[in-house]
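Across the two complexes that follow, chain A remains constant while its partner is chain B and subsequently chain C.
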Partner chain A sequence: MKEAVKLGDMSRPGRTPLAHLENEDLMRLPPPLEDPSKYHNWTALAPHTREKYECGLDDTCALNLPQPQTKEEEAQLVAKFLSGLEKLFTRENNWTFLQPLLLTMEHCAKCQTCSEACHIYEASGRNELYRPTFRSEVLRRLYFQYVKHGGLLSSLQHGAIQLNWPLVARLAELSYRCNLCRRCAQTCPIGADNGLVAHELRKLFSQEMGIAAKELHDTGSMLQLKAGSSTGMNAEVVKDNIRFIDEDTSEKTGIQVETPWDVEGADILLIHNAGEILAWPENPGAFALILNAAGVKWTLSSELAGYDSINYGLWYDDAQFARVALKHAQAARKLGVRKIVLAECGHAHKALSVIADRVLLGDLSIPRESSMTLLRDIVMSGRLGLDPDRNDFPVTLHDPCNLVRLMGVVEPQREILRKICPRFREMEPHGVDNYCCGGGSGFAIMSGNNFPDWRFHVSGRKKLEQILNAFADCLDPSVPKYLCAPCSNCKGQFRDMLAYYNLWEKNRILYGGLVELIVNAMTDVRPGYIEWEWH
Partner chain B sequence: MPVFEVHGRTYDVDEDGFLQEPSVWNQDVAADFATSEGVAELTDAHWKVINYLRNYYLQFGIAPMIRKLCKETGFKLNEIYQLFPSGPAKGACKLAGLPKPTGCV
Partner chain C sequence: MTASIYGIIYAGVLVFVVASVLRAVRYAKLPAHLRWELYPVPHEEAERARHGGSYFEVPDWWTKPRKVNFAGELKVMIPEMLFLKALREFNRKLWYRSFVFHFGLYLLAGTIALLAVAALGTILLPSLLAGFVGAVLHTLYTATGLCGAVMAIIGAAGLLHDRLSDPNLKNYTAPGDIFNLAFFIAALGALAAGYLLRGPGGPGALALACGLLRFDTAIPVPGVLSAGLVLGALLVGYIPLTHMSHFIAKYFLYHNIRWDDLPTAQSAEIQRRFAGYLTFRPTWAARHIGADGARTWADIAATNPSVGAGK
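Let's look at the complex of A and B:
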């Protein structure tokens, strides 16, 4: 039996990892993955990574945080951390999230109801390091010691922790071992939010210390603000790609598809996650076909960031978040559209529809709608000829956390599936009680070092169990199965995780979006929109 | 910065093993990187993919859509995987000296 990680271990000098997981430690999976001895072995971190970066937390490394070379440098970094910590708890520096953060700091009853709700904690074999309250308890102790300047009595009441560089370095990595799915917050009887704690820590590290995952910052929000998209596509490239998609879709479906660009006064500005355009072109193709067939007056925008709905700042940096949200709203204002519709991207939904609400004021407060409700209205209106028999294969639905638990968009996508997929079956649990795909909060695009191993073994594990259970009666490869995930980030995680466990090759589990299923059922369209062999 | 060493030559690469400076690429570089991606020998088929990626990158500054790559080269996706076992993004792009694709792709 391994010794459990304790809070005080976070300050342990040196860089020996606090936790190590073996395949046998992990939560068991149902068939065909019931034998842990057959799992992939984890790739070990490369020696140069361990020598150069802070890797003292566990088996992986998300941030490539350089090791300070001197004690002075360490002390400076700790001082910066402290200054950021103080800012987190002042209204002028953190007007966005101060209230729920304080509530979480002051009122957690340590009942651990949240731990049982956390997919990462459960999947890890209940490793203490991944308990949702572990990270929060570190922050809580720092808060009482260094923000409220509690004395001995406070230490006795709230516990003490030693603030040093090893703790700060480990805490930075630990803030990237949470998907920010906030299933813990949903179940908390008091309303404490451990997901928010992980978010606030990431924010402190980014805004105060310039520490963030490079996929989210350097090649994420920074690239988006410079080139127009985190994919690096500028306006010329994205138009060229959409032209290709239009041609491809027309050829495949037998229906002429043309995507409108920069139409002033259109009813709807549709914003895709630009990853769809590059990696899953059948999704924007299907959107264009459906909206045209339904007679919707819509447009795409070629403004900077107007064609890429991603807003990675949501996961790590309020300032970057606001910059991108403003770009989205400005693109819509310039065209004078009636509303913005978010295509199939979960975090973009929450970012622009909900969180940006306090940033977009005056004429930037343009109505935002989910594509789920728009598509439901189109499908239910009878404007499209639909033949459910064309979707006569088992389908299950993944609920993207940002869209479903965190926004409450639960039923529209289900109404569509019930109408067009005769063999639709739910995962358990589902709706607002769903589990994260394991790629949430940016993990799906973080593939440095051996981070994907952690993602597929630990953070994606609970979802994997759900998928296998949903298809337990039809795992045989003679039956093709469709995992519907209306979110680019979730799809990226599923693509990689299904391949990792060989579930397409062996069991014919395919993943894809929602609009593809709609077009696949359209009677005017040549049969076979979903390409099972495109893998 | 990590370094990739092969046949007595060294290349600066990023943490994922992608060539740091795309402009130093030439055909010998592709052959050197092939050894790290499980490609035993570069055939005409490999070069067709690599040259398309390279030319597209020089024109547009990013990697092309995978579907476009397939259509333009005439290879199906599974054939690309047969040529480059770690796939079009991680394998073929690396050999062609492109930076690692970014964003939700």
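Let's look at the complex of A and C:
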């Protein structure tokens, strides 16, 4: 049996990884993936990556944090970390989350109740490194030593840990081994939040040291603030793409679809995750068709960031978060819409509806609504002709954490599915007790080095188990199956993970959004909106 | 000797009250944070609370009156406080020990309250306490006290055993955790032993309580009981200085964080407070933040780093 990683190992000199997983270590999966010897082997990190970057945590590397070249450089980085640590506990720098962070630091009972709730810990074969409390306990000890300036008595009371560069480098990586799904926090008897700790660590690294996953920062929030979208699409390109989507949708459905742009005084500003426009165009096409058919007065915005609901700052940086949220609200204010509706993107829902709520003051406080709620209203109102027989195939529903556990939008999507999908079945557990898809907190778009191996073997594993169990009675490839995931990031994770395990080819498990199912059931539309092709 | 014991008890109680209040005030005075609720939120309308839903499930929710279901909160809070419901649900093995420990402490807290009533009654209404009422109170505080001490000791011993032997807990156990549990066992053990072995001349619980209220130093307190009282008083004063004061933290963690779903637009006070926070001047050093100690959060949020100085 492998020896469990100890907290003190985080400070171990050198860059030998603290943890290594083999396929046999991982949580077992149900059929058809019950044999671990048939899983993909892990891609080893390239030698030049190990030589150049800090890869001393585990089998992968999310950040590509360059190795310092001298002891002086290491010392400077540790000093910067300490400076950020202190700021994390001051009102001026971190009023945004100081209260929950401080309470979590000072009152975790270390009872490990949260561990069993964590899909990453369980899927890893309960590897100590991935316990929700592991990174929290490291931060807690640093907090009492360096922020509270505790002496010997404090060390005895709270435990001690050696602060050095290896620890800082490993902690930076470890903050990107959590999906921030907060399932752990849900089970904490005291209310402590280890998901928040990972969030706050990411903030410390980004806001003080300029360290963040490049997919979230450079090609994420920075690109969005520069071009208007993290996809790189500017307003002209996005309009062109939507025009093509309208044409395709019209041709495919037999119903003329036209997406309205920048309509002042519209009832609704709809904001898509712009990734949908490029990767899953049938989703914005279906939205346009449904809203037009229902007689809704809606519009898209071509303002900077007004056509891309993503807000990656939610996962790593308060300033970037606030900047993007502001852009979204300003786009709505400019058009004078009555409300903003978030299309199928979980983190965009939570970012703009919940987290930004306290800072969108005055005329920026424009009501935000979930598309799940709006769609339920439309479907139940009878404004669309719907034939459930068109959806006569097994359907299961994934609950995006940000939409469900963290925002409480649980039933509307279910009511729709129960009405239009006669073979709908739940995953277990579901609703607010759901498991993350494994792509949460940015992982779905993080594909550097061998990170996808970790994503599909570890962070997505529990969800994969749920999907296979939900379809256990119909795994035969003669039965097409639909995994409904009303969230772009979750879909990105499913696209990659289902392909990784070959579950479309072998078992005909397809994934897609909710609106595609609605259009597929619409009687006015030519049959076959869902094409049962891998995409 | 007795006077010293009284002094330590008074000090222990005083430290407990002052430290608890200071801790609560410290947490209450922290800036209100961004919303970070976690569903289910039990004060949602009952129909939605059942599945963990929120008002976001209601079309045009901001146009509808918001109903806060306090009964729903009580339905969650009471079993949580009394029976540690979350621990029972998610960590049954630990719950067996922790529940016994905590319920023992609740019984001891009840004992103190009963003793205070009995002592005040004895001093102010001696005739009333001399008869049936006094006998009932005596039976109650004796039973709750002894049961409480035994349960808390057994629970603490079980928790200590787990801390020392369970590999899931050992990695995270600091010397202070061992000390805390040992402190409970020692203090409550000495109190229980001192009370049971005090001998015919030793004071009962009521006599000690009356003595404390009257500062009657003529009461002789035997050695073991003295040790128990001193340790107990030190323990009472020590608890709010440590993470064991989670009975205070829990209020904030549940009500102010997990269940705080108040829409900003519906609270002028929240809007006022957050407008104030946006004038704070951060000093984060990363270039893209563009903080220099002079610019406010509002300035920073309004800056686009891809076109401004932070690029």
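Everything that follows uses one rule, which is that the second predicted complex is superposed on the first by the 533 of 535 C-alpha atoms of A that agree within 3 Å, B and C clash if a C-alpha of one lies under 4 Å from a C-alpha of the other, contacts with A are read in each partner's own complex, and residues count from 1 in each chain.
Keep this in mind: a residue touches a chain if its C-beta (ideal position, glycine included) is under 8 Å from a C-beta of that chain, and two chains touch if they have at least 3 such contacts.
Here the structure is a predicted model, which is why all the values come from computation and not from measurement.
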Practice task
Once the structures are superposed on A, label A:Q207 by its partner contacts, choosing first (chain B), second (chain C), both or neither.
Solution key: second
Practice task
May I ask you to decide whether A:L29 touches chain B, chain C, both, or neither, giving the answer as first, second, both or neither?
Solution key: neither
Exercise for the section: Classify the contacts of A:M233 with the two partner chains as first (chain B alone), second (chain C alone), both, or neither. Expected result: first
Exercise for the section: Identify the partner contact of A:I518: answer first if only chain B is touched, second if only chain C is, both if each is, neither if none is. Expected result: neither
Practice task
Examine A:M497 and indicate which partner it touches, taking first as chain B and second as chain C; both and neither are also allowed.
Solution key: neither
Exercise for the section: Could you say whether A:N241 touches chain B, chain C, both of them, or neither, answering first, second, both or neither? Expected result: first
Exercise for the section: May I ask you to decide whether A:L342 touches chain B, chain C, both, or neither, giving the answer as first, second, both or neither? Expected result: neither
Problem - Which partner, chain B or chain C, touches more chain A residues - result: C
Handout entry: chain B versus chain C as contact partner of A:V432, first or second or both or neither
Key = second
Problem - Contact residues of chain A, present in both the chain B and the chain C interface - result: 223
Handout entry: Of all residues in chain B, those that touch chain A in their complex
Key = 2, 15-16, 60-63, 65-68, 71, 76-78, 101-105
Problem - Sites on chain A touched by chain C in the complex - result: 4, 6-7, 80, 83-84, 87, 91-93, 95-100, 102-104, 106-113, 115-117, 128, 133, 137, 156-159, 182, 185-193, 196, 206-210, 217, 222-223, 225-226, 319-320, 322-323, 326, 339, 353-361, 365, 367, 369-370, 372-374, 376-377, 404-412, 431-432
Completion exercise
Given the complex, residues on chain A that touch chain B span 48-49, 64, 215, 219-220, 223-224, 229-234, 236-237, 240-241, 244, 248, 273-279, 281, 308, 310, 345, 444-445, 447-449, 488-489, 492, 533-535
Problem - Complex interface listing, chain C residues touching chain A - result: 27, 30-41, 44, 48, 51-62, 80, 84, 86-87, 89-91, 94, 98, 167-169, 171-177, 179, 242-243, 245-246, 249-250, 252-254, 256-258, 261, 263-265, 270-271, 274-275, 277-278, 280-291, 297, 300-307
